[in-house]
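You will see chain A twice below: alongside chain B first, and alongside chain C after that.
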Partner chain A sequence: MIRRLVLGVLGLLWLVPVYLLLVNAFRPSTEYDASRIWVPDGDFGLVDNVRLAWDAAGLGPSILSTLLYSVVSPVAAVVVGAMAGFAIVVLRLRAGFWWFMLLFGGTIFPIQMLLIPLFLGYSSADLYDRRPGMLLVYTAVCVPLAALVMRSFFTGVAYSIYEAARVDGASVWRIFWRVYLPLSLPALGAVVILEFAFVWNDLLFGLTLSQTETVRPVMTALSALSSAYSGSTVPVVLAAGLVMSLPTVLVFLGAQRIFARGLTLGQF
Partner chain B sequence: MSVATATTARPRQAPAGGGRATGRDRGARWGALGFISPAVLLVAVLLYAPFLYTVALSFTEYDGLTSPDWVGVDNFARFFDDPALSTSVRNTLLWVVGTTVVPVGLGLLVAVLSYGIKAGTVLRLPFMLPYALSGAGLAVIWGFILQSGGAANDVLAALHLPGAKTSFLQEEPWNTLAMIVAWTWQQTGVNALLFLVGLQSIPKEPLEAARLDGAGGWSLFRHVTWPLLAPLTTVVVGLALVASLKTFDIVWVMTQGGPGRNSETLAVTMYRDAFVAGEYGYGSAVALVLTLTTGAVTLAYLRRQVRTREALG
Partner chain C sequence: MTITARPPAPRTTPRRRRVIRFTPRDIAVIGLLLGIPVVLDVALIWGPTLASVALSFTSWNGVTDIKPVGLDNYHNIVSNYPPFWPAVRHNLVWLLFLGVVATPLGLFFAVLLDKQIRFSRFYQTAIYLPVVLSLAVIGFIAQLLYSRDYGAVNAALGRTDNPIDWIGDPSINLWSVLVLVGWRHVGYVMLLYLAGLKAVDPSLKEAAAIDGANEAQTFFRVVFPALRPVNILILVITVIEALRAFDVVYAINRGRNGLELLSVLITDNIVGEASRIGFGSAIAVILLLISLIFIVTYLLQVFREDRA
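On to the complex of A and B.
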């Protein structure tokens, strides 16, 4: 009983910021008053606030771009990572373990080590502030985790499946595409979910490698909106924060266990 | 979920007689290179090459326009006489200490309290919600709470506590400490989740034996649960450690490292030096120091943990 009480009180404390967020994001922008933040407003202003944020920070194109990055990059990374795992485990690539270490080593250094050369290189290669450039860098960052998970997944698949398919005359590519990839859908899905959240929440790559409203990802847009110079009111900024957090909150609540395990796997 | 087996599984050896490869399978071995090359290419070009280039740039002065000038270790010498940098190092240390102790401790508390009771999942939910927020989203919410005359000041005033008039985002070192509170709010839930996974994997026998011997509550936790959780605690603290050294998003969105530069962390300093001031060589040096520190701290920590565990048997 004491346990439940302590947890309950602590939990209520934890909900206070959520309460403040909701109350003030739903408050009409014009009604905001710093001395009345604790009291909900009778009028429903969320939709207008979102619309204001939408116009001020160009959220529409930004959300579309981010959706593109956070779906396409993880999916591409997972296929590329699965190909690597397949090469190492099933095709028995020579020195496969070292190839794997090379790939996984890519997660060790902090992103800060990559930013300056990426920015300089992207500028001269005409990839700066362009969607293909963003897709490329997110895919590369997602590959090591995908390779790690897929390698261990394929280790658990009976080798005789491969041998039998070879005897039947199937090509290696066909075996990968038609047998191994469909077999590993659950693992692929878990990795895609983790990496979706990572890309959606990214701020640093967006800040360094993009600029215009149509290319920059949502967190970069949110950062710009919340800066003192944007001139947006508190309810507008909070409403924008709320809306942009919804995708990852929903995905996370639906897949808590995957997140808990994913944490111990990589840099997430 | 197959993800769980990731770190333990190893590739199997080739079966006996694998040497008698037929022509077609030799082809498959060459095909293997084709299969791994997209991954290797992506990682080499977009992760390894920039990494090496940053190392090289850290010994130069480079404004991005003229070609880089070799300056030896000058950039690193600035660590000893640049006041902005020493503030940044101090703040980063505050982050490391603050975030390895508070969110991990509270996460453990939540996990232990909610483990095995009815409604545990529901009671844990308030702690889980913040985790899915991005650093930027977190910063937006807490920037609002911590603003001068904001909710944090209201609460302190209502409780007649000191700090009702403190401008939490302006005054040093309160800005860093206040952001650590925000970080705690976000990270407690996920630490609780990790500890919960650990609690579920603890064998039931020692717990029951101890309970039969009359142990309960605190002493049960102190002498049985806590030692059994030790391996997982190492992982959780290690993750918090690495994450805290790289703190960027929340600081950048809440204070941009200011006012002045007094709430900067190393990651923010690196970003500001490179992309605001245009000093790419210096920025590279800060990034390199950050990386080496992260590596050294992680290694030292893991070795210490392993040695303690060996000493304990």
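On to the complex of A and C.
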């Protein structure tokens, strides 16, 4: 009983900021008023707000690129991470732990340390302000988490599967591609969802490695919209933020079941 | 799924003996399996990071020649760069708040939600929702809640005559921001602990109950120690999140006036107008060292316990 009460109160408390975001994003652009900030407005203004923000910040061209980055890079990263996990755990490579530390160690570097050298490298390799370059960097930063989860997942898979496949004459590649990868789909799915949100919400790489509207990710456009000089009203800015958050929220809600099943963190 | 649930089969063969010898093609494949991730990681993460470490010993504005200056940057940062020490303090307060308040709260939610309970999915969603909102949007929410003249908090407190400036006042704005950051961190921690709790063998709990342990004892003596892999992961994530924090303060006021953080100082120096790349890189190296101190200390302790 107490448990339910505590959860009920805290659960509602957790939704308060989201409630405020929703109420004020749906308010018509000119109706914003501090004294009624808690009260929903009778008029429906969301569509107009979104349209205003869309034009003011030039969100249109950015959105498709961002979608491309946040789908392709995580998918590539989990396959690459699974490759590493498979090699280290299932094939029992010598010094596997150190290979793993090499891959995972990168997560503790401050992202800002990467920016200037990446910018210079990208400029000289003609990757600056181009989509392949963005895809590449997002894939690389997504790999460590994928390697971590897949390593932990493969540790829980019975080794006899590998032995049986070897005895049956399957090649290493075939075992990876046809046996272990399909087996790990739930875990792969969970990681893709986590990293989709990460790439979608990235600001720093977007600011440093891209420039044109068609290449730069949508969060950089969004953060420009909120600056004091953009001249947009509060409901417009909120509506833009709301719409930009929709993909990650929907993906998470739709995939909660995969999440619950795929992300087991038993072994480490 | 039954396959994955089983524990790894006991090894009957010696560790290094392969079941069947690898063909040359297999060896090439193994090279690729490990080579692709390693090359990607070295080229795009380790390489740039090490280059930044090298740059931290130089003076460079991105245009003229790179001039080696030894430890000058480090010396200047600690002795005559006013925003440095406040930023260090803010980062440490941030870490303390996430570690002492937000992370235990996330664990608490996970434990409550791990039991069969009505609306469990609803609560999970409510608590996890902030995690998928982007930090730019969290910045908007901060304005909405905390703004002095039109903010929801002042409106709810009825302080319209004598409003509190929750994000403009440098003595309290760090705490206002931390409440929102914690709001987000709790969901992340909860999700990871839920995943960890599912992996705890239920028979452990049953055995503890049969031995007469109460609920609290079972949790602290049996379940929590079994969660150690997740604990390590969450510790690492908490340290990284606290020391890397950037987007929220950047979205609120570009990280000034009481909201200075190391990451903001780095960004200001290397991509800002001043373009002091060597100097900014040195701050980044200091930040990296601080993270390493926390993580290595903890890992050493873990390994020592393992051996004892």
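Throughout what follows, the second predicted complex is superposed on the first by the 215 of 268 C-alpha atoms of A that agree within 3 Å, B and C clash if a C-alpha of one lies under 4 Å from a C-alpha of the other, contacts with A are read in each partner's own complex, and residues count from 1 in each chain.
Methods note: a contact is a pair of C-beta atoms (placed from the backbone, for glycine too) under 8 Å apart; a residue touches a chain by one contact, two chains touch by 3 or more.
Nothing here was measured: the structure is a model prediction, and the numbers come from that model.
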item	value
Contacts of A:181 with chain B and chain C, given as first, second, both or neither	neither
First, second, both or neither for A:157, with chain B first and chain C second	second
First (chain B), second (chain C), both or neither touched by A:37	both
Partner chain(s) touched by A:97 [first = chain B, second = chain C, both, neither]	first
Chain B versus chain C as contact partner of A:118, first or second or both or neither	both
First, second, both or neither for A:258, with chain B first and chain C second	first
Partner chain in contact with A:67 - chain B first, chain C second, else both or neither	neither
Which superposed partner A:22 touches (first chain B, second chain C, both, neither)	neither
Set intersection of chain A contacts, chain C complex versus chain B complex	3-4, 6-7, 10-12, 14-15, 17-18, 20-21, 24, 34-35, 37-38, 80-81, 83-84, 86-88, 91-93, 99, 102-103, 105-106, 108-118, 121, 136-137, 139-141, 143-144, 147-148, 152-153, 155-156, 159, 166, 172-173, 176, 197, 200-201, 203-204, 207-208, 219, 222-223, 226, 234, 237-238, 241, 244-245, 248-249, 251-253, 256, 259-261, 263-265, 267
Residue ranges of chain C touching chain A (in the complex, touch as defined)	1, 3-9, 11, 15, 18-20, 22-23, 25-26, 29-30, 32-34, 36-38, 40-49, 51-53, 55, 62, 109, 112-113, 115, 117-119, 121-137, 139-141, 143-145, 149-152, 155-156, 160, 180, 183, 187, 191-192, 194-196, 198-199, 228-230, 232-233, 236, 239-240, 243-244, 246-247, 250-251, 262-263, 266-267, 270-271, 277, 280-281, 284-285, 287-288, 291-292, 295
Residues of chain B that touch chain A when the two form their complex	1-12, 14-15, 18, 24-25, 28-29, 31-36, 38-40, 42-43, 45-51, 53-54, 57, 64, 109-110, 113-114, 117, 119, 123-137, 139-145, 147, 149-151, 154, 185, 188, 190, 193-194, 196-197, 235, 239, 242, 245-246, 248-249, 252-253, 256, 267, 270-271, 274-275, 280, 283-284, 286-288, 290-291, 294-295
Chain B contact footprint on chain A (complex, rising order)	3-4, 6-8, 10-12, 14-18, 20-21, 24, 34-35, 37-38, 80-81, 83-84, 86-89, 91-94, 96-97, 99, 102-103, 105-106, 108-121, 136-137, 139-141, 143-144, 147-149, 151-153, 155-156, 159, 166, 172-173, 176, 184, 186-187, 190-191, 197, 200-201, 203-204, 207-208, 219-220, 222-223, 226-227, 234, 237-238, 240-241, 244-245, 248-249, 251-253, 256-265, 267
Chain A - residues contacting chain C, complex	3-4, 6-7, 10-12, 14-15, 17-18, 20-21, 24, 32-35, 37-38, 80-81, 83-84, 86-88, 91-93, 99, 102-103, 105-118, 121, 136-137, 139-141, 143-144, 147-148, 152-153, 155-163, 166-167, 169, 171-173, 176, 183, 197, 200-201, 203-204, 207-208, 219, 222-223, 226, 234, 237-238, 241-242, 244-245, 248-249, 251-253, 256, 259-261, 263-268
